[in-house]
Amino acid sequence: MTRTPDQDSFRYPLVWRLLDGLNTAADVLWPRKMARFTGWLLLAPALLLVGILVISLVQIAESSLHVLDRSTFMPGEDYTLANYATIADSATYARVLWRSLLGAALTVVFTLLLALPYSYVMVRTTSALTRKALLIVLFLPFFIGQVVRAYGILIVMGRSGAVNDILGLVGIEPLRLLFNFPAVVFGLVQYMLPFAVLMLAPALTAIPREIEAAANSLGANWIRTFRHIVIPMAKPGLVGAGLVVGTLSLTDFAMPAMLGGGSQDFIANAIYDQFFRTADQGLGSALALILVALGSVIVGVIIAFFGAGTLGMGGKK
Amino acid sequence: MTSRSQRIVFWSLVWFSIIVLSLPTVIVLGASVTAGNIITFPPQGFSLKWYEQIAMARDLRQAFGRSIHVSLICLAVSVPVGTLAGIALTRFRLRFSSLIQVYLLLPFTIPLIGSGIGMMLLFGSWGILGSVWPLGVALAVINLPFIIWSVSSSAAALDGDLELAAASCGAGRIEAFLHVTLPGVMPGVITGGLLMFVLAMSEFLVSLLLTDARTVTLPVQIYNNIRSIITPDLAAVSSVFVVLALLAVWLLDRLVGLEIFLKSK
Amino acid sequence: MRNRMTRRSVLRGGLATSAAALLSGLPAGKLLAQEPEKPTEIIVRAWGGDWVQALKAGVSDRFTEMTGIAVRHDLTEDNEIQPKVWAAVAQNRIPPIHVNWDTTTNATKSALRGVTVDLSDLPNLANTTDLAKPVGVDGYPIVNTYGYVYVLAYRPEAFPDGAPKSWRDLLDPRLKGRIALYNDGIGFHFPAQVAGGGSLDDIPDNMDACWEFVKEIKAQQPLLGEDPDFTTWFQNGEIDAACTISTNALAAKKNGIDIAWTVPEEGCKFDTDGLWIPKGLPENELYWAKQYINLALTQESQQIWLDGLGLPGVVPGLTPPAGLAGDPSYPTKPADFEHLIRISNAVQVQNESDWFSKFKEIMQG
């Protein structure tokens, strides 16, 4: 028996062999000199997946160039910009567009106003129980979906709902709290708050407690600490959350439809009406395209000025 | 929080948020046990008859099963794609990064009605409408920015030197990726994955356009019912969702700890 | 139990009759032998709530009993199924539904687009009134199955002096924020034309009177909604009056809400709904879809279905539901139609988009 102990005691594990194989394969399929394109390789599936939407967008652009023929309810043969002219001429769309923009802007402001203290308390609290409770409160509404939540709001804030009951206790006559612009914004804030908190929390965690403590010890009160330390350092989170909340509220359909009482349409509702109610896909497509362009320009400008924040895309310069 | 005034201001805002977030949920839970025939709050009497009714309803059960199916497909597509993209965007220097950001935010800037109609026509011309899986892909597309965001916020916090260290210890690119990068972004992957799953479970507008009566999912069923006549069985369905949500959150807490949502690394 | 047995046997009798009618002369036995293969189910798009319950009781359940084919109801809204069906036909796919229960105006658009199957060969059409025939299209791309009135529904509590006499009564300041219309204005344009001092003959060329009146109504801050909203709003005390289909008011009444309706002096819009079949179905499924519509035109089916809706049908000899005989929402005799406004579907289809955008322009202001 002449065995060398070394040979036996160390067997090259299968997993390592596998990894070596993969590495070799990687070297063959994707040589190191291609390394500067690795980022693009990893990004490619996402670009392709969103590509599905881009192809759809091209179709939408195509159909926006045809006018509906009302004797056959088919799109006309000719290419024309008539649908865009219709939109430009109509006072309704300008008003609805303005309402969507204002609604989205207000939603961003109010959502961040509520999300900032919420995430701050959640991150900074010393009690694990409190933290957990705050997280659970955040998660539950997610699961019941936007429509049911909007319905819940309809019940609570209706003329015979809980809020009016409470107002009644202090002698206030039942108020119409629903079916107006503030109700839509309220619904959107309620819908967006969990998203915003989840996006802000990591950014706030990244701010070391010590910096705040230092500011306090130098005599800054909390408002100044917040303004000069927390908010600037949380900026990536605020920008990221603002982008998500803003784009999603700008294109929202359910809240204006359910809480607006029919007279508080956003652009998405106008698009819905054209696609579904008057069967005018061309006009609906034109509206959709205008909304996409508008949203993308706003997003582009914000990213150009503030960066993408915790959306993190392209974080490394 | 050191000062008293800060505590008062913050906690009153937090309590306001808690009420705003929870009230509709509480109302729905309450309305589901009403003995009456219309949704009211407070409920008229107590009865579990609406739960009995939904337990008997084969349509609802099937729709629920399909929703799970769709959400799992959505996960299977979006998690790998979103993870790679999140890593690519933060760990690699890419040209035209602003343009890529605008491009990848298209799912949010295109109104869902537009995306829905567009994908309905596209999937129709590819001849894949009528199955359940295209909806899973579609939901992965429209919510993709969420998972990219959550992965890249984890990846951004990862120290790049770690990967270099691994390489200098002899790790190949694949090993470095599997043993260093991937574990580093795992919190983001879990957060993002959960978000994708939940959003797929509750999306109704695109789902409405991509399903038919044979492939209808639960949110579409709820949406259609709410728009016709609202009976407390819908509140019961939603309550089941809430219970499932609690269960999922509890499970997550046991497995990885809820604090994962607060971490940037 | 006894009751049910009786109804069953009645149903069987009805079945035999319809099957025979179907075969147009052939002996029933032979016909059965030639029946195309039965699908396991057919899908019928329907409105939810009381609407689908009525259809199920009157037509779907009987159809299943007669043929053994299950009926699945698709509760997608009529206007949301439309682009899905149109896209399916354009892309040569099998459409998502077998039968569409639709408004005649909407269905006419589909007929003009050429996605409907002609139903002229349904045997039971022979037994229908003029109401069943769609106007302004060739043949029967759609079969109208009943008529309905967009009444002025109100809570008697809010009108202590009795029913409102005129649509102009809605301009009373105390009703500010307490009235509701359909969110596309449907049902309201024509009475508004009269209430605004215009003439029905000027529709569609000159509707200034209508728009003037809509502007006056806008100042009253009306709520705008769809069928189920009216029922909900009445139930929750959000509104005192609405221009809506009588069926929605009836639904609120069944839930114990004190509610009444009337046809004011300017009149009310009368319109029809119908059933149609999209192109592109396999031959055998098309056959059974046609049988479904044929069954819906039998007196027995119409009686049960329309009892549920509280609406007048398209076959003679129907008994009005309890309390609705002579009701303005249940017109049967020519005299009943004097105060009702009927505008051809062709005119409506041509102009609906313009009316819609004009209405929106006023209401979104």
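Going by the order they are written in, the chains are A, B and C; count residues from 1 in each one.
One rule holds for everything that comes next: contacts are C-beta pairs under 8 Å (C-beta built on N, C-alpha and C of every residue); 3 or more make two chains touch, one makes a residue touch a chain.
Predicted, not measured: the structure shown is a model, and the values here were computed from it.
Q: Have a look at which chains touch which and call the overall pattern line, ring, star, complete or other.
A: Graph shape here is complete: every pair of chains touches.
Q: Which chain pair shows the largest tally of C-beta contacts?
A: After tallying contacts for each pair, the winner is A-B.
Q: I'd like to verify one number: the distance from the centre of chain A to the centre of chain C, where each centre is the average of its C-alpha atoms, in whole angstrom.
A: Taking the mean C-alpha position of each chain, the two centres sit 40 Å apart.
Q: Taking each chain's centre as the mean of its CA atoms, how far is chain A from chain B in angstrom?
A: 12
Q: By residue number and range, which residues of chain A touch two or more other chains?
A: 275, 281
Q: List, in ascending order, every residue of chain C touching at least 2 other chains.
A: Residue numbers touching two or more other chains: 77, 80, 83.
Q: Would you mind listing the residues of chain B that make contact with two or more other chains?
A: 117, 121, 230
Q: Which chain B residues qualify as touching chain A in the complex?
A: 1-3, 5-6, 9-11, 13-14, 16-18, 20-25, 27-28, 31, 39-41, 77, 80-82, 84-94, 97-98, 100-115, 117-119, 121-122, 137-138, 140-142, 144-146, 148-149, 152-157, 172-175, 178, 191, 195, 198-199, 201-205, 219, 222-223, 226, 230, 234, 238, 241-242, 244-246, 248-249, 253, 258-259, 261-264
Q: Which positions of chain A touch chain B when the two form their complex?
A: 19-20, 22-23, 26, 38-43, 45-47, 49-50, 52-57, 59-60, 113-115, 117-118, 120-124, 131-132, 134-149, 151-153, 155-156, 161-162, 189-190, 193-194, 198-199, 201-203, 205-206, 216, 221-223, 240, 243-244, 247-248, 250-251, 253-254, 267-268, 271-272, 275, 281, 284-285, 288, 291-292, 295-296, 299-300, 303-304, 308, 310-317
Q: Touching chain A in the complex: which residues of chain C?
A: Residues 77, 79-80, 82-83, 86, 109-110, 112-114, 177, 183-184, 221-225, 236-238, 349-350, 352-353, 356-357, 360-361, 363-365 of chain C touch chain A in their complex.
Q: For a test of understanding, state which residues of chain C touch chain B in their complex under the given definition.
A: Touching chain B from chain C are residues 43, 47-52, 72-77, 80, 83-84, 87-88, 91, 93-94, 96-97, 226-228, 231-232, 235, 251, 255.
Q: So in the complex, which bits of chain A are touching chain C?
A: So the residues of chain A touching chain C come out as 68, 70-74, 90-92, 95-96, 158-160, 176, 179, 261-263, 265, 270, 273, 275-281.
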